[in-house]
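Here chain A shows up in two complexes: once beside chain B, once beside chain C.
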Partner chain A sequence: MATTEVERRRGQLAALSIAAVVILIGVPLWWRTTETYRAWLPVSQIQELANLQLQLSADVEVVFARGTVTPEQQKKVPLTLTQDDEHVVDEDTALRYRYETRYRTATIMEEDALNQPTAAEADLSLHTLSESPCGSLVVYVIPESSSLLPEDVDVYVGQRRTALLRIGAQTRVGRTLEQLLSHLEPRVKQVLQVMSFSHTDITAALSDRVRLSPGNKESIADSMRAFKSSPGYEITFSLLNPDPKSHRLHWDIEGAVQTYIQPLLRKLAPLANFSIDSQTLYYAMLGVNPRFDSSRSAYTLNSDSLAHVINPVEARLGSNAASSNPVLNFLLYVPDAHHSPLHINDHKKQEVPSNAFHSPRWGGIMVYNVNDFYGPEAAFPVDINIDMAKVMGVFLAQLRLLLGVQSSAPPPRFLVAPCSSAGIADWELDRLMWSRSVENIATATTTITSLAQLLDQIGNIVINDNIAQQVSSAVTSLQLAVAELESGNLRFALQYSKEAILASERAFFDPSLLHLLYFPDDQKFAIYIPLFLPMCVPILLSLLKIVSDARQRRREKHAKAD
Partner chain B sequence: MKILTLWSLFSTYLLASSLNIENHAAQFFSSGHTNNWAVLVCTSRFWFNYRHVANTLSVYRSVKRLGIPDSHIVLMLADDMACNHRNPKPATVFSHKNMELNVYGDDVEVDYRGYEVTVENFLRVLTGRLPPSTPRSKRLLSDDRSNILIYLTGHGGNGFLKFQDSEEISNVELADAFEQMWQKRRYNELLFIIDTCQGASMYERFYSPNLMALASSQVGEDSLSHQPDLAIGVHLMDRYTFYLLEFLEDIHPASKTNMNDLFKVCPKSQCVSTPGHRTDLFLRDPGSVLITDFFGSVRKVEITMETINLTDPIEQVEQSPVNGELQKERNSYVDQLPVSEIIHQKPKQRDWHPPDGFILGLWTLILLVFFKTLAFQETAVGSKPPYRVQ
Partner chain C sequence: MAAPLTLLLILAVTIRAALYRSSLADLIAERVEVVSPLTAWKRVVEGLALLDLGVSPYAGDVFHETPLIIYLFHFLVDYAEITFMVTDVITAVALYLAVKDYNKQVFRKQKYALEAERYPLDCLELIRSPKEMYYIPLKVAMFYLLNPFTILSCVAKSTCGLNNAVIALFILTTIKGNVLLSAIFLSLATYQSIYPLTLCAPALLYLTQRQYIPVNFRRFSFWWFVAQYAFMYLGSLFVMICLSFFLLGSWDYLPSVYGFILSVPDLTPNIGLFWYFFAEMFEHFRLFFLCVFQINIFFYTIPLSIKLKEHPVFLIFMQLAVISIFKSYPTVGDIALYLAFLPVWSHLHRFLRNIFLVSCVLLACSALFPVLWHLWIYAGSANSNFYYAITLLFNVAQVGRTVTETKVHLAASVSGFVYRSCCLTVT
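Let's look at the complex of A and B:
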């Protein structure tokens, strides 16, 4: 009898110890070995960034030339004025534009410079006096009687960061300083909108974040035309020669790129890396048949058929397959001898002077007629040297459009200086830098917040240390970029925003973040039940038996006691 | 009087021409996309699934004909039918009986072939999470102004699509992948076409905007194949894709057919199954969406109005070198097949492993026999057993 008691005790002890091992060691061990490694992410900072409050600061210096203010008013001119414009774009995004305006009168040397015969020369001599830092502007207010600007022009926008503003006639008689300043303020703001940033530009840059309802057709076209911000671009120049038997073409592409394109790309270096290559394609025809126009004795391509020109050619263009950067293609097509000269017509059936067209986010095509270079008795094939200055003039204009340098038409009574040899004016560069910084910041914040949301939703994804590090560095760069934008350091803001977008893209597109297997709940049960149930059932039953035995014994004890 | 009529004619002409331009501009930019991509996937292998490969290749051919270049098409074929041992006409894949139309042709560019077509690779292509060494042709480099066409075909069921007979993708995963594409703005509009059994179940779970979906059959129905070819011995096409192709053959790059016509393709009388479509997530009205918005690649074009006047002459690129003679380096090719090394190879030193398999069994047998005979000897001699039961 004692042995059964001993054995029963031993049995109970065994069951209890097995249960203890299972619960105390087994369950934690299973939990630790099946949990996914998730490195720590700065979720609270990401939440803060999701609510984007951007402040853009621009510095304007308004310089009064002689004849615009009276000497008494000169002494009372306030030194600085700060203005804030708030715009709420949607519930997560708010913009504030801060304009810091400094007023002063012109120095003797500036007066001399403003006495030049034309606005362009005045602009040139004003540069030699001072260099404005990136992101700031200088507006020279010149009197009504000045002969610098032609009659119908009130504002001249220079090639660097200066503008000449002519005071209107209506503020002549008995005006006070306050009247003068209040008259000037909207006009200066208009100049700022052209030269620095305007609300439409900035909201267009935020298109990744905020899907705005489409405005007018021009704004849609503008937003679709330029390439999105990218760390690098590839530019390919191709010469298409469909008729090598008649034309032997020579183009000095290396020299032309070095002289005409590289200055622009050097200036744009803070924005992105550019790589250029060129190629020549023989026997590449356009996919469209041109029509012969007897009134002009030339072949014509009308604007409707231009859209179908690109596809057959694109299949034959090679590309530098090493990187995933967007590619800009510039094609120079020399028509064959039987279809020369070839002109492009616009919607109104008029000849296009540049004989070129471009496709948004793809590139441009120019048709170069060579029939003037030789007479009818020439011996084929004819050697032809292509005039690269003309060609590059067109390609440079198209490049400016496609990179987003060119903006929409200036407001009336504005005269914008023609492009310098560098291809881009300083204020255009500033403008591009503002919109690219905002675009980068907007894209990076959207990426980071959606990544955080994704990782939160799906509990099974492993978050490695490198992803966490990229996310942290992206968050830090974003915070720095927003701070630099607030203080008006445009170059640093752009640099930080580029770092932020690189880090966030790398984190989002990391190959290890693929949540491949979707486990519905019934499949999870189906996997775990055959493993755990056979083990748990005997333990549970023996525990139940122990409990029922203990209860029975207590009842017996009670019965005995009674 | 004459002046009045002249003036009214003039003004109507002006009005008409300006309206025309306005219409033109409106039509031009009504779709909001600047480039087109296509992802065409065939998910089944084995010879009897010939029709799935033919489906995908026919859609590929139509899409190329309408203008999308190979660099913008990601073609995934899970098996190679053209060079299959059982193909009586090697290097061809026919889509019509009596071998009328060879869809394999000369310029087919398959980006993912054979065992590379997996659920993982498909999702990686869609979400963009490819390893950095992936070449450009295997990536979907779309941006926020791309219209993407996705075509899937294979064997499917209620809520899943079978890949390679060994794994499956569920409709939840597909919907999540599209949502990730939307979060990163990897598409402007997306058209999803699926030709499998119970195909409509695959688009039930979509929740991202700007998605339009078509399927060849409803939940509970099977998609059927079209016609067998007796010479090749398998079914050549599926019904839905066959009639879809007939419809697409009438489309040319400038045609103005819209999506409502595409929904009417293959009614129940021809298809036996009921094709379905889903447009509630799409922002535009399907009647205003052109077929060529997804299947073709009609570029937007603008005339270049401005040019820049460049006056600097081209500076000559400096010629090298500084010293008179050019340094010539002798370069030589690496030996592609080092024959001499292979012939005079010494036998490799292999690491010692403990014996396994047959040798182990043999030694075990020998040892057993040895000890058995030893024991036998001992008992025969009469030694005492180690213990005795009392």
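Let's look at the complex of A and C:
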């Protein structure tokens, strides 16, 4: 049996123990179990990357053929010169172009190759001698008297990575080696700008990062034509037959793709993955009514109405839903019997010889007239075999334009060799790889820095381990890509930049980041209050009672002492 | 007292046997109020089948009972009904003997207090007469055996009956004063479901007071006794866990049994509070609230031990009530165990203000459980909120009843001049 005093003390002790458990165990438990998980990110490295200092190194070998250098000058050659060009694009981005030029004289075998009658043959035999690595150039300097190049051409750009440069006579050029080199230097640089990279190309590739004032109308059109860099592309060939009752069309698309398109895509393999499919659409009309031109007794589509052609057709094209890669559509339209032949007119109302047009970042359309294949008394439907060589020629040219292989006309007095069997020259591929690497690096750095900024500012985003790992791998790949660009290994730079882009996109668009993003604070109250408020009220009341009792006892003690 | 007890046992066994043979047995075995994912007989059969196939019975997340149970039923599966009836009989007999011994002690204490004239004269009505106390053990056994909850639990062959038997044996050995057996049975009960760990405190309090060791933190004798008891308890627990490991050959019963009880992955509706709460809980806060709910059960041990230091058997009753209400997968079998103790403190029932209200609520909720389940699952015109409302009401009634019991008991134990005023306020 206990007295009331003891009972009361026991009650106080019980209340205190409850409060102790709540504070000592409850609060740390709550803190640990409800914090958002944020894995560690390499923030300092990301901030370093925000300030992009790109260095592009190109190796050039300048080979002097016989008759271009005097014997005294020849003694001082071979020599290597390095030249840096600095450009500051904006406060975060700076570019440096480093040209490492190696001068030497031609070997006997190269002299023999240069003695060929035409430039094309010389080019071919020079290839058999040596293979220059990706990203480098060889410029053969030939004397003015050489008959390789025609009269009005000073530079011949070959199919691989060689160029033939015609130089003036000694008297015009100068006696000493320094004078010769100073004369050569701007011309070699011009060749480099055509064959490797030019400042306009690189700044166009950085357009994601840097807002530049647009140039003239043509440069805007050129910069918007090619597809943005992507790890893969889908190419779709569609045959549109609006009139199956009159024409039964046969096209050997598989063979044509194998023969014409695949060599190009195989050569472009380091750049991206390509997947090709084809389809035939029946009863697909153009959205525009062509006008009959009696002077040419043909139907015409003028250039203004071309813009309206694509939309109604695009809805019926369909696409591969499983991939998120951009799609290049190539349409072959065979006009129906009542509207044949159909010609496309350009701005000057002249017939376009290829009878085709392309739309930037979408694809191309070619109109193939078949009215010549049958007479008026033919029994409908008529079987028609489409000449795939002509069609593929047009599509290949459009494909090159859309992928960004060829962007501008060469400077005056330049002769560019026609493309090899693959459809793309090695130096064109190098050019594309330079601009794509820079574009990838720029996009990846923008993505990573904006992701880091976002994660820093919003405390509610959950950063899982896999996000942190993706970010780290993106940062590493970016650093490697920049380093490889600096040392001039173009292929590795492109590979690392592709990895960097993939990792950064995967990290940025991961859905697990948004797990707790829209969790407003008042919902947290709604979660805690129903359980804890009723629990805490008696605890708080008893604590208050204990405190007031203690205070009263102390007051009584003071009163007793007085 | 043997004859009425035997008669009671025969009656209880008859009722259970009759129900076993009827068609109600299957129906009852599926009710969620009676069986839980921990105790269902269907799952035991599934575990036995897996064991016979040579696969671990814990593969597939079906079976969540301990390995000792599965080995027990490995030999007894053909006699399952008899096993459960015998278990109920053991529980009833254990409770009978325990309460008889306890009553003897209470009576002795009362006699000394009377002779010391510590009771005021007004409170004579609170003193129990020998005649009343003569029938209390039988009433306890009857309350347990003829409780509809117990009968339902036995007919459903829920392993809750085995848990109750072990706890009843623990109570018996504690009250008899056998320290070793008390530790062994307590560790067996803890081994089966973790919550009886909280019964350590009342057991320690009772045994120290029985051996006249003062419960004082500064005395060495107290700590020495605690150390002995803890050693026996932990030792037997360790032995049982290792035995389970050697029986099945792997440790995967630990996450399946204890991980299941503690982390509550199965949210099948039952008469507890966990399922609804965790079904609607945000994933981010799940761990926090799981910890809070589990701590809730162990939370009341220390304050209650402080307040009820001198009433350890009442403390056992309180702890059993707390466990049955707040455990992760309660069933009516758990409730039946602590309801069996009500006759022990029947002298206080006239002071319980709300006994009528509470009893009515309990009866009504028990009746409404199957009704609202049918409306929710089969008719589709109600939803989980209806069922949870009845669950809440049921638990609130239980909590209300336990709280008032505690208050009244404490009031009744305070001696001296406050006694009368307490009687007046309580009535």
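The definition used in the following text is that the second predicted complex is superposed on the first by the 478 of 562 C-alpha atoms of A that agree within 3 Å, B and C clash if a C-alpha of one lies under 4 Å from a C-alpha of the other, contacts with A are read in each partner's own complex, and residues count from 1 in each chain.
The rule is short, and it goes like this: a residue touches a chain if its C-beta (ideal position, glycine included) is under 8 Å from a C-beta of that chain, and two chains touch if they have at least 3 such contacts.
This one's a predicted model, so the numbers in the text were calculated from it and none came from an experiment.
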Scan A:G11 for contacts with chain B and chain C and give back first, second, both or neither.
second
Is A:V21 touching the first partner chain B, the second partner chain C, both, or neither of them?
second
Scan A:T162 for contacts with chain B and chain C and give back first, second, both or neither.
neither
Thinking of the overlay built on chain A, is A:L29 touched by chain B (first), by chain C (second), by both, or by neither?
second
Which partner does A:F357 contact after superposing on A: first (chain B), second (chain C), both, neither?
first
Once the two complexes are aligned on chain A, which partner has more residues of chain A within touching range, chain B or chain C?
B
Let me test your reading of the model: by the given contact rule, A:L454 touches which partner, first (chain B), second (chain C), both or neither?
first
For A:I527, decide between first (touching chain B), second (touching chain C), both and neither.
second
Tell me the contact category for A:T68 with respect to chain B and chain C: first, second, both or neither.
neither
Figure out whether A:E254 sits in contact with chain B (first) or chain C (second), or with both, or with neither.
first
Same chain A residues contacting chain B and chain C, which ones?
515-516
Parts of chain B lying in touch with chain A, wherever the complex brings them together:
17, 20-21, 24-26, 29, 32, 34-35, 67-71, 119-120, 123-124, 127-131, 135-137, 139, 141, 143-145, 170, 172-173, 176, 180, 183-185, 253-254, 297-317
In the complex of these two chains, what residues of chain A are touching chain C?
1-4, 7, 10-11, 13-15, 17-18, 21, 25-26, 29-30, 33-34, 36, 515-516, 519, 527, 531
For chain C, which residues are in contact with chain A within the complex?
113, 118, 282, 284-285, 287-289, 291-292, 295, 299, 302-304, 306-307, 309-310, 410, 413-416, 418
What part of chain A is in contact with chain B in the complex they form?
207-208, 214, 217, 220-221, 224-225, 228, 252, 254-256, 258-260, 303, 306-308, 310-311, 314-315, 319, 321-324, 326, 344, 346-348, 352-354, 356-362, 364, 366, 388-390, 392-394, 396-398, 400-401, 418-419, 421, 423, 446-447, 450, 454, 508-511, 513-516, 518
